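Let me begin by presenting the structure, written as structure tokens, before commenting on it.
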Amino acid sequence: AEALVAVSANFAEVARTLKPQFEAATDHELTLTVGATGTLYAQVRKGAPYDVLLAADQKRPAKLEAAGEIVPGSRFTYAVGRLSLWSPEPERIGDAPLDALTADDVEHLAIANPKLAPYGRAAKRTLKHFGLWKRLSEKIVMGQNVGQTFSMVATGNAQLGLVATSYALNAEKHQPASRWDVPASAHAPIRQDAVRLRHGADNPAAGAFLSYLRSKDARTIIRRFGYRTGGNS
Amino acid sequence: MDLPDLGPLWLSLRLAGIAMAILLVLATPLAWWLAHTRSRLKAPVEAATALPLVMPPTVLGFYLLVFLSPDSPLGAAWVEVTGSALTFSFTGLVVASIVYSLPFAVQPLQGAFEAVGRGPLEAAASLRAGPLDAFATVAAPMAARGYLTAAVLSFAHTLGEFGVVLMVGGNIPGETRVISIAIYEHVETLAYAEAHWLSIILLVFSFLILLAVYAVNRRFPVQVG
Amino acid sequence: MDLPDLGPLWLSLRLAGIAMAILLVLATPLAWWLAHTRSRLKAPVEAATALPLVMPPTVLGFYLLVFLSPDSPLGAAWVEVTGSALTFSFTGLVVASIVYSLPFAVQPLQGAFEAVGRGPLEAAASLRAGPLDAFATVAAPMAARGYLTAAVLSFAHTLGEFGVVLMVGGNIPGETRVISIAIYEHVETLAYAEAHWLSIILLVFSFLILLAVYAVNRRFPVQVG
Amino acid sequence: MGELTVTVRRAFPDFTLAVDHAFALDGITALFGPSGAGKSTLLRIVAGHERGAQGRVIFDGEAWQDGRTHVPPHRRGVGTVFQDARLFPHLNVRGNLRYADKRAPAGSGRITFDGVVRALDLGPLLDRRPQALSGGERQRVAVGRTLLTRPRLLLMDEPLAALDLRRKADILPHIAALPRTFGVPIVYVTHAIEEVTQLADRMAVLAHGELRAAGETAAVLERRDLQPELGHFEAGVALTARVTAHDADFHLTHVRLGEQRIQMPAAPVPVGSDVRLRVRARDVALAREEPRGISIRNRLRGTVLDVAEEADTAFAEVLVDVEGQHLRARLTRAAVADLDLAPGTPVWALVKSIAFDRRALTAPRPSADDG
Amino acid sequence: MGELTVTVRRAFPDFTLAVDHAFALDGITALFGPSGAGKSTLLRIVAGHERGAQGRVIFDGEAWQDGRTHVPPHRRGVGTVFQDARLFPHLNVRGNLRYADKRAPAGSGRITFDGVVRALDLGPLLDRRPQALSGGERQRVAVGRTLLTRPRLLLMDEPLAALDLRRKADILPHIAALPRTFGVPIVYVTHAIEEVTQLADRMAVLAHGELRAAGETAAVLERRDLQPELGHFEAGVALTARVTAHDADFHLTHVRLGEQRIQMPAAPVPVGSDVRLRVRARDVALAREEPRGISIRNRLRGTVLDVAEEADTAFAEVLVDVEGQHLRARLTRAAVADLDLAPGTPVWALVKSIAFDRRALTAPRPSADDG
């Protein structure tokens, strides 16, 4: 069978890597549709024909669950996101990342919108954790999601960004950069939940994919992209 | 790298072409009415016609999602009649595109109809042309420049817009994943190379289409006044 | 619920107003040239003018981010001259808005100038009006409908667009956080009540502005032809 | 033939047209009047373009407008040649003509595309755009276009104002022939009295939005009370005479007015038929005795009926009875004094034969008056 | 006074205008010619609107166009009344007039806003939009608007074609007065020969894009070779005569042509000055002996110089020498035969005094010919 999987943007790259593996391992097929979690949520509420949702947070899957839009009991955390301080300048973030954050020549620090994106909320928490939120708030620019936030830094408009580690790792394949992975203690874990939607209740491919997501193979791949996986956060 | 998948481009062109065609048809009577009416409703209708523009596309898309969904009266009626839902379908995209590009079709047409004025229509009537005939053979050709502007703006805008489309269509390959969404997705997921490629293809393609249109328009100019 | 913060609305109106004003000024000579030239460059320039439309706004925003960044020649020159960067600033938003709304200003103006034709300009010259004088006192008033369309379309489009703005502006409250972003945020965070409120305010406000414009236009109509 | 009953009012802020009249639409009716009199407005009402007009327009018993009904312009079969030619700028001349031709009712007789092109000499213009035509050329195309609609009623709003005399002379006979050849009555707006006298069987005089007079051209032109409207220059009368012979050598036609003889430039009218001749007051001289050895060959014996001196000018008008018909002569007051003219004086009226215009020739019709 | 040297070519696909002439711009120069002759095109070149024209245009020694230079239209000080009025639709009549008034050079004399409004009777129209004007009203406003620019050279493209005789008669004197009052030369396009004779000091005849003739009006009108262009109807001559007396009673002016006397409607010309009188060939009759008791008061003794019969018509033209000046008479060939007219025959030329048009009165000027 074929399942339509709605993937939050931050996980798109991973999902694209998982897809051929999954299709090779089963005789199911996947179609990926990528979007911001909020968009995907609104669409599901309005009858989008998605079978599976890989959200960027726990809040919206929970709401869907409460609304009876998912197959009961299908919600689980498929990945835990991590946050990195990142700059495309190889020298900028050295051994003293907090000094880099407060350097005078940092005009803008990009974070995702804390209201919209879990990575944004995590970034805000992190800054508060280090007591820099007030001090840096003038310099903060916000993307609506991790992708935009990353673009702001990657194009050199913001000197630093608190971005998803997955994006940083991905980018470093193409360009030199400097990075500091924020310790998990600095913010609450960014748990990303997956759910099997009502539309996919009878779709075996949906169930199979969710099972596959929990598999060891899948978790290895997910971790390679800079996420932690279930339990071992 | 591989050549990017051009499916979304064709889908976009189809969407833009269909939406443009329907828009020109729909906008014509509205623009005509606005150009010739002396009703008090004129100004309010003119203002309302421009309103789809002021809504952020994603938000407009959200509301369209709400109004077109099978839960809504309109969406339910559609399902009743056609058997399939408006949302997350190509048809839904067409409807959404029409709503948000309407002003681009109505306003230039209205301007063009006003510039034509009543004189040529009276002349046509005196030559036994009925109103529809006179419209098709005199007003429309004389408003050709307005049609060109309306067509270009609504075609291009449909090609480029993605907020509404994404919301109503849901980025489903082959059905609602148009090129603007594809490029957007590439940018969002840092696939810059693919994004560049698709952008260039889109730009070159659009440029060639527009160039052809304008060049033809230049060879068969309609000068009014 | 609390009344929503209206700061973003004022910011949007300021942005749209400034962008519209600059656009009308910039688009006028371009549209004029296009309306009157017999150059071979006409069709290519016309086509190019429509291109910003076909790019998805966020993507356009991305490229603007690239081209306006302080690392780029243009952005660097700007920093050199003004001391501050174009991106993540209100000025940057204005620049971005101008780029993506340019077609909406140029095309209706071009159509209107073409409809005016050469006759009235020759008449003005015979009354001792130099080219600028004739433009200001004859061509522009006779093209009033084109200006109206251009103003409405570019104002409304600037008000509503947020893809570009989001990217180039960085959502800084009071500086680049415009109302379209605010509404979008509410929708995305499921704060539908706030989203509805802001949308209604935006719609009502825009409607009133447009209504006023059209009503005034109706009372002082310019009939051509 | 047809009748057009018009009982309409059209009020503009500074001007009101109010006409209540039944026009006997027979041949060509000139609508004459000064600029701003309301001529174009009246035509627009008849054609159905003036929506704001109140009242009734009845053509041949068919209600085109009255209270509830308003037959739309394209269903009236009225062809209008507008004062501004209104050619379609997106079509070339051929396209403009074909536009009308295609929409004309089938089998409507002898007006053909080629015929119109030939008559109006439009051949060299066929492939041009209206923008590339001179003012007069534009107007000619507009006339041709309207002819090709084969209208039931033809309204012409100063169609020849932009044309030179020769062109006018070329086109006038074609227009003059229309009513007879195709049975199309014409209402012809003009402010040129020559055109009235050359073309019109009937005329209506409009001034300040009101109909001052209407009726057969000769009868209206004879009315002295209309001189303010008609002007002195062209004032005159029309005489009815019988053709008696043709002189091929000298290219003359001989006609008889009662017992008296007149010579005029040859006209293709059968011997024995009646013709109408127009004589302008300014072309008539009077003599007390019959002059001899003079080039003026038409000398009509008559009696002075009336002498009207025009105050503060050099002129007087003398009305002369000739065989029961009336002739008017415009003389200097000095001449009146010199010749001692007064009612009852027998005189010779001298009319230069050249003053008879061949286009004044129209077969007289039963005098069903419409004034 | 001024001189306008034009050496230009303008080629359209089906038409080429090629004119090479130095126009002596003195008073009013009529540009006469049939529709499509190139009159409007020539005006457009002089005004600077026809960019595609090659050649030179020199006004009073100032190069408006030649090779490199092309003085833009608004710097030429040329006022044009266009054939289509071209009023600005976004301004009312007052606005249209003010538009010109404001841009006129300061202190340019006696043309005032109020004066123009009065002369052209524009008062009632001031607050109207051009769209609410009749055809003739529009043209009147256009004339007024152009006058208010106080031009150095006034180009008028059939400005009166849409006007009735009376309006024409009202406006013509104002136009006629302009050159003398304000020193503005006028080039006046018309296809109405009456307007030429009434207005023009000089005239140029254009046909098929070529200049057929140019010079003093009288001289051009006298040329028989131009009859195809000028038409027979208005052919005639101009005579120069001296004013000898005024007769207030009969409103007559007496003038002397050599030893002979002529009476004409009173004209405000001082006794002793020379005037030009226009006599149309069709208003002249000939007699072999002096007629008596006839209302035609002007009888001039003369000798036949030439008789030209027009083949296939009823007419002949006879040229008569009167006191060294020439008069033309248009008669029937039958009359020529009757009176046995031949070169050398002594005749009396009879001219109805009414034929002298008071607008033909122009002070004769040194015959610096420009033909």
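By written order: A, B, C, D and E. Residues from 1 in each chain.
By definition in this document, a residue touches a chain if its C-beta (ideal position, glycine included) is under 8 Å from a C-beta of that chain, and two chains touch if they have at least 3 such contacts.
Here is each chain with its UniProt name: B, C = Molybdenum transport system permease; D, E = Molybdate transport system ATP-binding protein.
Keep in mind it's a predicted model, so treat the numbers as computed, not measured.
A.B. asks: Starting at chain C, find the fewest moves between touching chains needed to arrive at chain D.
C.D. replies: 2
A.B. asks: Which chains make contact with chain A and with chain E at once?
C.D. replies: C
A.B. asks: With chain centres defined as mean CA positions, report which chain is farthest from chain E.
C.D. replies: A
A.B. asks: Return the distance between the CA-based centres of chain C and chain E, expressed in whole Å.
C.D. replies: 56
A.B. asks: Hey, how far is the Cα centre of chain A from the one of chain C, in Å?
C.D. replies: 35
A.B. asks: Give, as an integer number of Å, the spacing between the C-alpha centres of chain E and chain D.
C.D. replies: 26
A.B. asks: Just how far, in Å, is the C-alpha centre of chain D from the one of chain A?
C.D. replies: Computed value for the inter-centroid distance: 91 Å.
A.B. asks: Scan chain C for residues touching two or more other chains and write them down.
C.D. replies: In chain C, the residues touching two or more other chains are 58, 62, 119, 181, 184, 187, 223-225.
A.B. asks: Can you list the residues of chain D that touch 2 or more other chains?
C.D. replies: 84
A.B. asks: Where in chain A do residues touch two or more of the other chains?
C.D. replies: Chain A, residues with two or more chain partners: 39, 42, 148, 151.
A.B. asks: Considering every pair of chains, which are in touch?
C.D. replies: A-B, A-C, B-C, B-D, C-E, D-E
A.B. asks: Of all residues in chain A, which touch chain C in the complex?
C.D. replies: 36, 38-39, 41-42, 60, 63, 107-108, 110, 113, 115-116, 140-144, 148, 151-152, 155-158
A.B. asks: Can you list the residues on chain C that touch chain A in the complex?
C.D. replies: Per the touch definition, chain C meets chain A at residues 58, 62, 65-66, 68-71, 85, 87-88, 166-167, 170-172, 181, 184-185, 187-190.
A.B. asks: Provide the residue numbers of chain D that touch chain B in the complex, in ascending order.
C.D. replies: It is residues 47-49, 72-75, 77-80, 82, 84, 86-90, 99-100, 103-104, 129, 131, 145-146, 149 of chain D that touch chain B.
A.B. asks: Given the complex with chain C, which residues does chain B contribute to the contact?
C.D. replies: For this pair, the touching residues of chain B are 42-44, 46-48, 50-51, 53-60, 62-63, 103-104, 107-108, 110-112, 114-117, 119, 145-146, 149, 152-153, 156-157, 159-163, 180-181, 183-184, 187-188, 195, 199, 202-203, 206-207, 210-211, 213-215, 217-218, 223-225.
A.B. asks: Quick one: which bits of chain C touch chain E in the complex? Just the residue numbers, please.
C.D. replies: 119-120, 122-131, 133-134, 137-138, 141-142, 144, 222-225
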